[in-house]
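So that you can tell them apart, the chains are marked A, B and C in the order they are listed, and the count of residues begins at 1 in each.
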Amino acid sequence: MPMAGLNEGALPMVKEMTERAALLGIRAGRMKGGAMLIDCGSGREVTGSYEAGCRTVEAACGGCARAWTGIGAIGPYTLPILQMNIASPADACLGALLPLWKVRAGGEAVSASGPGRALARRPPRIYQMIEMDEQADDAVVCLDAGWFPDDDEAGRIAEACGVGVDRLTIILAPASGIAGAVMNAALVAGTTVARLIKYGYESDRILHASLRVPVPPPSLDAERVRDAACLGGTVSGTIHLVVAGYDDAIAGCVSGRCSWTASRDTRLTAPVAELTVTDSRDGSVRRFGACDPGKALEHFGIRRRSVRPDRITAIR
Amino acid sequence: MPMAGLNEGALPMVKEMTERAALLGIRAGRMKGGAMLIDCGSGREVTGSYEAGCRTVEAACGGCARAWTGIGAIGPYTLPILQMNIASPADACLGALLPLWKVRAGGEAVSASGPGRALARRPPRIYQMIEMDEQADDAVVCLDAGWFPDDDEAGRIAEACGVGVDRLTIILAPASGIAGAVMNAALVAGTTVARLIKYGYESDRILHASLRVPVPPPSLDAERVRDAACLGGTVSGTIHLVVAGYDDAIAGCVSGRCSWTASRDTRLTAPVAELTVTDSRDGSVRRFGACDPGKALEHFGIRRRSVRPDRITAIR
Amino acid sequence: MPMAGLNEGALPMVKEMTERAALLGIRAGRMKGGAMLIDCGSGREVTGSYEAGCRTVEAACGGCARAWTGIGAIGPYTLPILQMNIASPADACLGALLPLWKVRAGGEAVSASGPGRALARRPPRIYQMIEMDEQADDAVVCLDAGWFPDDDEAGRIAEACGVGVDRLTIILAPASGIAGAVMNAALVAGTTVARLIKYGYESDRILHASLRVPVPPPSLDAERVRDAACLGGTVSGTIHLVVAGYDDAIAGCVSGRCSWTASRDTRLTAPVAELTVTDSRDGSVRRFGACDPGKALEHFGIRRRSVRPDRITAIR
């Protein structure tokens, strides 16, 4: 199912982030060259927020997803939990959400996601596979980077997207910040959909995806947050899929645990802890895998202790 | 408390559904005769989405409700769960949400809901009972049908609503699709409020209703989804009511279980599994009934097995 | 970090409340003198709603927060639970949310909250402490009062805020109503942030706060609802903080239980039941305290009984 409009779909989130920047703990402004830059958490002055993270995720999915975070129990701790509902999961995840495009920002190579990637068609084989032909006058690109792109770099991104630089929005959400931690947690949905397709399931038969996953603690060490988000998903991420026809390939989404230290390469092919699959053709429901909140705490670097929840306790 | 404005209240949801149709997995367009048709899940090309289902529910309540779905544990499975907050429950549910109007679409008789029903005043005694006198230039009607109405049928619906056909919006959300499954789950709130009034509780003393209910799996068999949604509510639906003055009639909402196969007739008078009632006059709180998630799985056609949630398991 | 714009940040909520008043169970209209008055629950004709309560909370935080209520299990009961995500917690809570300004409404002294307080700078030392210098042409003030202010009183509030009376919005959300009960539950976030600062933690190092707390039943006795909301927070409120650098002062947020009857004075310095703190500098996570849902029921005046959740029960 070719579907255009993901960049346009991201514009309402961009609008909210620029108009209500201070209230979301972020900053937005035009670069000299004309590109709109939304800073969701670089440095210490802009702290970001869980709401800004959710808007970033929604924009990165080209408006096909709704994302929100609440807090809930993960073992004895009460931690942020991200939930997402994703329509057209193959387009949203493979076509936009996953950071599969390398661009330069601040002189460094960083991973780019968002619907702008569908305009640049990077990597090209993805867009052939999901038969997606995005056309747009505006481009929205998300960078997991703490470094601001300069005007040259923004210009090159706009050029790759085939839009004027003044029609380009760059959302900076480094993994080290609150918004970036949410964004990395959302990738768990993307990797599951990617796995499903890699294992031979047809992308246009994936009708809907919902995710529930703990958000790792932000930290100055971005790489550690990326690892924690990925590994948190492999032990405590839950996905509900609606598919047109069940196939045994789907079970592969939960198989093959990651090693305890996720690497840059294995991160985008990591399994999810738990998967429930509803077949819209016969209404059958299957479940695979299981969540282990205790292991999520370990991956988040939180020591685990037995706690009696009915009394006052201090866990440091 | 007569309250007008439900059709106008539904227009923001209609606007979102038409402007962001592709991103919600739906289609919207004008019929030849001028009516706006929003297709949330007829046939295989439009798959719908849980978000589209929530917008349909909100529109069907005339904007008096906010609806959202997350995923949560129902026994060992992680399934979509609908939550709703409903202001003015008698108007929203009896006056709009419940599919109490028979219209024709695609040559077949189908059940219509939504605030347009309040303009057509079908059935009339309902509107006398809740003292509702809706006036509007726009009409919004929801159909649980997989068949498109033709222009004649749309014209007749507009006429019954007393609006020009170009001011009529028809939302198609067949129970067989994702959005329709959400819509049928929402009816659990409507049937509870209807029971309350049937058992003698005055409609204007029902101040607020909140619902939490599992959403049945979509399936090609629409009738099976309708049954599953209704029966899921009778065993696992939870409602919180705020009322002005407790009355023993309220307990009737949870009494008299449905038979295991809900019929078209009994569906709209089904009890809810669990009810918590807060009396705003004295702040007292009462609870009736209880949820049984395992039975919901049975009604959803999901085999039940004992599962140790702390280890990796595969349930097919 | 001085941050202006809280009054402007509240305007979208004001817009929704005025444009969709009837659908939210509230009333909005201009007073003779020109002030906009939004009545969320005075008297019996306007019942309010949980959604109206959430919009009030968001407006009272100057748009820095997103608030929503679902229903969830508190012991054997299913009760409304408020969740909030708050960016810039010191500004939002100390600068706006907490009702630290005494004004007159209906001839009585009532507590005022909302970003208008930041324009009036009451109490002044708060704004020096958080280094906040709010400037705005519009003022939004929330009153926990069942009495309408007259034009004189509205004029004096506008004057204190330094805005024209026609640029003043007054949101009435008495604790006795549904919206006011939500608003009082939200204060649990405010008191925790206030405690944190009182115990010596620097306000600009509090980066983010999330709250989860049960909402007390509305009741004709407003003072009882205020007590219940506060005491509910001390036994069942959960907060997640993101801070820049952990400090032992933070543990003070959960210490020193309130006496069983909260007083007007102790209410705004009450501890929260459970606190999880994430340090954004090193990603460490600490937890303090614990929730006791059963005690929340006692504070809400709900008798507690042992219930077997797997069978039909009636608890009155």
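The rule we apply is simple: a contact is a pair of C-beta atoms (placed from the backbone, for glycine too) under 8 Å apart; a residue touches a chain by one contact, two chains touch by 3 or more.
Here is each chain with its UniProt name: A, B, C = Methenyltetrahydromethanopterin cyclohydrolase.
Bear in mind the structure is a predicted one, so any value in this text is a computation, not a measurement.
Its C-alpha atoms fitted onto chain C, chain B is found rotated by 120°, rounded in steps of 5.
In this structure chain A contacts its sequence twin chain C using mostly different residue numbers, the overlap staying below half.
One inter-chain figure worth recording: chain A and chain C are separated by 32 Å, centre to centre, where each centre is the mean of the chain's CA atoms. Listed for chain B are no residues, as none touches two or more other chains. Within the complex, the chain C residues that touch chain B are 20, 22-25, 44-45, 47, 49-52, 69-72, 76-80, 177-178, 216-221, 224-225, 228, 300-302, 307-316. By the touch criterion stated above, chain A contacts chain B in their complex at residues 1, 3-6, 9, 62-64, 66, 83, 85, 87-88, 207-208, 210-212, 238, 240, 242, 244, 251, 254, 274, 276, 278-292.
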